[in-house]
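All chains are identified by letter, namely A, B, C, D, E and F, in their written order; residue positions are counted from 1 within each chain.
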């Protein structure tokens, strides 16, 4: 399935923290560059996420803000 | 100002496409790894965004989805 | 690619309204039940959307609100 | 109250899973077509949601992505 | 219609900027406290928004970030 | 850090409800005008949020809906 979200960043699952309803997934998308996702526990199970597995961080362009120092 | 969004990815403005209301900003956050943001034109002007400028892609963890092949 | 978003509603493209930056896509997901998506023009082109084409409305569960009369 | 969100899909509450902070609500918006919403527990209580009750799945058009096979 | 979004801030329409697809609406929710909304042009027309009209800024709690200096 | 989000409403932390994964933060942004934010517990700790502390409710304009009676 190809999704309209403009950002699809290839990475590796580095860390998973399972909560009651939500699960926190840390993806390494480049050496030392991590992205944190919070998805539902059932979605994490459906995708079979495990540390070391290849996965994508998918983000709509309108959900990305820009900041400057 | 420090924001609660979990993801604050440091990068460089690589490309800016200005629209009537929105502006598309492409940030390079690692060699060959780009993030596309769509923000309002007035925000882009307020932040003084220019190609080559250092900026951050800021994304809430709940706005990041995970996908697998 | 399988995405963590909980809602993936199969439908047919019924109507497309192309704007300068954004494109409005109307999907029929059941007889008389339509969902409106606004995605970037480039995403709509990338996906090759045309009226009559099969497509999915993908929505994160946390982006769905509930209302009552 | 009438809200600016473009999608207001009429349905019936089919299933409710209450969590500590969040509640998962499954709405049937057409025969066999379900939408999952995750809202705060207090909102679910405020709306008096119960299985069988009529409710709407409300989604902003910019929160709907489109996908193709 | 009562919506599950936790924030429903009563205010007055102070300013409207109509774009090709989107419309920017500035609401004054307390003396000197303004909230900017960007909604689709058709939604703004559907709601009959005009300067001076009473309206609510509706925001899901999960869409509100917190920042500190 | 200056963020592209259009709404940055100055207020005071009035109430904090800590959950397992998420924390609910109530900010008073004007006399009697409150905004509820749900952020991750770790973000709330990182920002050192306490009742009485000055903080901002930060919301993207595209995440603000408008409603009328």
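In this section, a contact is a pair of C-beta atoms (placed from the backbone, for glycine too) under 8 Å apart; a residue touches a chain by one contact, two chains touch by 3 or more.
For reference, the UniProt names are A, B, C, D, E, F = Molybdopterin-binding protein.
These numbers were taken from a predicted model, which means no experiment stands behind them.
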_Shared interface partners, meaning chains that touch chain C (Molybdopterin-binding protein) and chain F (Molybdopterin-binding protein)_ = A, B, D, E
*asked:* Please tell me whether the contact surfaces of chain B (Molybdopterin-binding protein) and chain E (Molybdopterin-binding protein) are same or different in residue numbering, using the over-half criterion.
replied: different
*What chain lies farthest away from chain D (Molybdopterin-binding protein) once each centre is taken as the mean of the Cα atoms?*
B
*Identified repeat of the D-E interface (over half of residue pairs identical), from B-C, B-F or E-F*: B-F
*State, to the nearest whole Å, the distance from the C-alpha centre of chain C (Molybdopterin-binding protein) to the C-alpha centre of chain D (Molybdopterin-binding protein).*
17
*Report, in whole Å, the distance between the mean C-alpha point of chain C (Molybdopterin-binding protein) and the mean C-alpha point of chain E (Molybdopterin-binding protein).*
24
*Averaging only over C-alpha atoms, locate the centres of chain B (Molybdopterin-binding protein) and chain D (Molybdopterin-binding protein) and give their separation in whole Å.*
30
*Among the residues of chain C (Molybdopterin-binding protein), pick out those that touch two or more other chains and give their numbers.*
1-6, 8, 20-22, 24, 37-40, 43-44, 47, 56, 58, 60-62, 65-69
*Pick one for the touching-chains graph, please: line, ring, star, complete, other.*
other
_Strictly by the criterion at the top, what is the full list of touching chain pairs?_
A-B, A-C, A-D, A-F, B-C, B-E, B-F, C-D, C-E, D-E, D-F, E-F
_chain F (Molybdopterin-binding protein) residues touching chain A (Molybdopterin-binding protein) - in the complex, by the definition given at the top_ = 1-5, 20-22, 40, 60, 62
*Name, in rising order, each residue of chain B (Molybdopterin-binding protein) that touches chain C (Molybdopterin-binding protein) in their complex.*
19-22, 24, 38, 62, 65-69
_Complex contact set, residues of chain C (Molybdopterin-binding protein) against chain A (Molybdopterin-binding protein)_ = 1-6, 8, 37, 39-40, 42-44, 46-47, 56, 58, 61
*Enumerate the contact residues on chain D (Molybdopterin-binding protein) facing chain C (Molybdopterin-binding protein) in the complex.*
3, 5-9, 24-25, 27, 29-31, 33, 35-39, 43-44, 47-49, 53-69
